[in-house]
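The same chain A turns up in both complexes below, where it pairs with chain B and then with chain C.
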Partner chain A sequence: MPDLTVGELQEQDLRCRMARGGLYFETGPFVTRLQSPIPPFARSFQNLYAHYPVVDDSRIADFTIQMSGSGGMRRWFRRQAIADIDFPTPFVPMAEAHAQLMFEMGLNWAVASRTLRYLIFHAAVVEKNGRAVIIPGMSGQGKSTLCAGLIHSGWRYFSDEFAMIDFDDLSLIPYPRPLSLKNQSISVIRDHFPEAEISNSLTDTPKGTVAYIRPAREMMSRVGERAQPAAIIFPNYQPDSEAEAYPLKLAEAFLVMTMSSVNYDRFGETSFDALSKLIDQCGVYNIHYPDLKTAIQLVEDVAA
Partner chain B sequence: MTGGRLSSDLLVRALTDPAVMENLPARQWTELLRRSRSAMLLPRLSLAAKDTGLLGRLPMPVQMAFRDADVLFAENVRMLRWETNRVRRALFGTAHQPILLKGGAYVLSGLKNGRGRLSTDLDILLAKADLPDVEARLKAAGWKSVGANDYDDHYYREWMHELPPLRHENRHAIIDVHHTILPVTSRLTPDAERLIADSIPIPDEAGTRMLCPEDMVLHAVLHLVYDSDFAGRLRDLLDIQALIAEFSERSDFPVRLIARAKLHGLEGPLDLALNLLQKLLGDGAIKPKTDRNFIPRLVRHAILPAAPEVRKTRAAIARFLLYIRSHWLKMPPFMLMRHLTAKAIRNMKEGKKEVRLAPRAANE
Partner chain C sequence: MDLSNLDGGVTWRIPAGKPLKWRRWDEASVVIDLDSGQTHYLNLFSMVALEHLEKEAVTTDQLARNIADYLDIPLDENLAGQVSGLIKQFDELGLIEPCRI
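Showing the complex of A and B:
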């Protein structure tokens, strides 16, 4: 267990760190350094990252994220926030009330564009009995909802956003972050899992209504333990469908995985070899389901 | 802030004397990694650590960051090779032989200065008379002019030394097609015919050429002295230093370089660049003729890391002055006013800054 977590910091201490040299905290294999002068953001950040280990600046930061607020006239009305990640981004400022979303997008962008030590897929990852399941998905196909369902049904939470794979042994590296739910999926998870720790909803964001699940203390306890990938499952939520799981052909699986990757095209032969081995090692499936309970059962069956 | 040296800059020190990387405290590493990334010099720092056998003794997060940087550089080399290959294919069957400029030439010709040197795009040079045909062939092969509104298009075609940037519709990589190395509106006019006539073939890339060593240095000089983009300034300065060192294995290189500058009418920019090398990097390999201090000081402020607030303001002022200067050198005063006004109006209308993403920056 870590010595100190974000949630244990006094609010004054947290704000001081953020305003000066930065708050250093661990997210999976990375140390992130966060600077921000925006008080409401400090509160929402402390709530969502409560169980993340705080480290000090005797550690080297992998990412520095600088949040900045409004200056000039904007100081007085319609305050905004933007994230600076030492790197050109296409971000435009968002409303200050959406600063948390801005931060999450900033850190995601930094990880996706700069991390070339791992092969990364845009996917959720969960694990049970040493078998990890990769759940890729474009927005809206049910990736995050299914992931949220699984981690409240006995699966260990690895990631909601990135499946990070070590080139040497194809192991998956846990990278748990607050899990983002959008629109209808917020109430689905509230109804099914009242114990889930869900944040207030951010409404009218560029991504619609967004709420975050705070990773619970026990979800963070084995964050250094990797796992081998056992299955890749593409979720397809369809209200009127029958429960169904079918395997993809190798070539088809390879192709859709290249499209799910955020950095496959940056390694040349290395990533071709790694993805070939990954596909050989895992079953790759499409699943169709009419509701969350069915989807969870399908994942149990396929990954068993 | 007396003395103009950049030796206070940790990045410059780490590059020139990699031994300083051993025993750096974590906080300095965090800043050094950030600064190297934004100056596009992390791969070069990584190579410096490897070449001196330091790598295994550095903290693990640094080794991992260097691993990222090595992959980034390998990707960059692959991009340069492949884009060059695609250009050659698009021009196949014609007599056009593109002259690769800057990073493309350093990397593909195997110059030492190419090691760890990142490029944002591929720059090529061809005779002005060939440009219409070259442009048509590139467009037929899938390249499209980038974000060209009518004003930009006019700006490039009438006043600049290159076509509007071309981006490939599938691969998104950008090529800049030049017909000389300074805007046609500049007061100085290097001899484009001699640039082309004296260019030399790149050994392993049949059908492509590069500038002769003297012209290659002069082009890097113009880039440093004229460009209004600051992200790459330190890299430009190090380019010149490394190229001069590399070519000076031939003992008469300094003499040839100065003679060549005279031929192109570029003694002024060369002299300024030599001043910058001497004052900012302490490199007096070739002595400048005159002693200039004001511009070196501005450049120093513009490329230093902007950490504390005072420095930020100073850097902003220096950058602004250099920005104005770079345009002043490129255009007559009336044209300059027109250009800056047109750009300001457009920026106000669009309410955003111009950002040119590195080709691989965006993945989502």
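Showing the complex of A and C:
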């Protein structure tokens, strides 16, 4: 267990670190340096990242993110926040009340843009009995809802956002972050899993209503343990569909995975070889399901 | 069927030394062009065509005949049109080039 976690910091200490040189904390294999003078954001951040290790500021940060507040008239009227990273981003300011969302987007952008150690796919990852399942998915196909359901049904939480694969041995690297739920998914998870630690909802964001599941302490306890990928499952939530799981043609699966990767194009033959081996090693399936309970059972069946 | 005027009888080939790396599964493949870094998905039809072009330089009509033989499908205008379209795509992607024999 870490010596110190974000949640164990006194509020004054946290705000002091964030306002000065920055708070250094670990998320999976990365160290992030976070600076922010925005008190409501500091409180929200501390709640969601309570179980994440604080590390010494002598560590070299992989990413520096500065959550800046408003200037000029905006200091008094409709305050805003924006994530500044040490390289260009496409972000525009959001309402200060949505600063947590802005931060999560900023950190995702930094990981996707700057990580050269791993082959990364936009996908959720869960693991059980040493068998990891990669769940790629475009927005709205049910990736996060399914991931949330699985991690409250006995699966270990690896990531909701990025499947990170070591080029050498294809192992998956845990990268658990607060799990983002949107719109109807929030009530679905609240109804199915009352024990889930879900934040207050952010309403009227560019993504609709957003809430986050805080990774529970036990979810963070095995963050150093990698796992081998056993299956790739493409979720398709369709309210009127029958439960169905069927294998994908492997060349098609390869193509779809290249499209869901954030850095496949950077590594040429290396990523081609790694993805080829990944496809050979995993069963690749489409699943169609009308509800979360059915989806969880399909994943259990396919990954068994 | 007379296909001799397809594309004006131009002969096509994969450029000498073009670094293509293949991974074949079932009836489809992916191939990476290590020059451009681009990865291409090839269904059975385009896979057979590119494999023929990898073996030898051919005209579009020769390629259409080869594909018809290999896949045991009729050599007709439909096939000729598909092969012409495929040659055009391969050319645009930089996978093949016209040549003189």
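In this text, the second predicted complex is superposed on the first by the 304 of 304 C-alpha atoms of A that agree within 3 Å, B and C clash if a C-alpha of one lies under 4 Å from a C-alpha of the other, contacts with A are read in each partner's own complex, and residues count from 1 in each chain.
Keep this in mind: a contact is a pair of C-beta atoms (placed from the backbone, for glycine too) under 8 Å apart; a residue touches a chain by one contact, two chains touch by 3 or more.
Keep in mind the model is a prediction, meaning the values are calculated, not measured.
Once the two complexes are laid over each other on the shared chain, residue contacts for A:171 go to neither chain B nor chain C. Of the two partner chains, neither chain B nor chain C is touched by A:66. By the document's definition of touching, of the two partners only chain C reaches A:276; chain B does not. Residue contacts after overlaying the shared chain place A:254 against chain C, while chain B stays out of touching range. In the overlay built on the shared chain, the residue A:241 is in contact with neither chain B nor chain C. Looking at the superposed arrangement, the partner reaching more residues of chain A, out of chain B and chain C, is B.
In the superposition on chain A, no contact is made by A:183 with either chain B or chain C. With both structures placed on the common chain, the touch criterion links A:268 to chain B and to chain C.
Residues 268 of chain A touch chain B in one complex and chain C in the other. Of all residues in chain C, those touching chain A in their complex are 21, 23-30, 32, 34, 37, 39, 41-42. Chain A contributes residues 249-252, 254-255, 258, 264-265, 268-269, 272, 276, 279 to its touches with chain C in the complex. On the chain A side of its complex with chain B, the touching residues are 21, 31, 33, 57-62, 64, 86-90, 92, 109, 112-117, 122, 262-263, 266-268. Those residues of chain B whose C-beta lies close enough to touch chain A in the complex are 25-27, 29-30, 33-34, 37-38, 59, 61-62, 64-65, 67-68, 71-72, 74-75, 78, 352, 355-358, 360-364.
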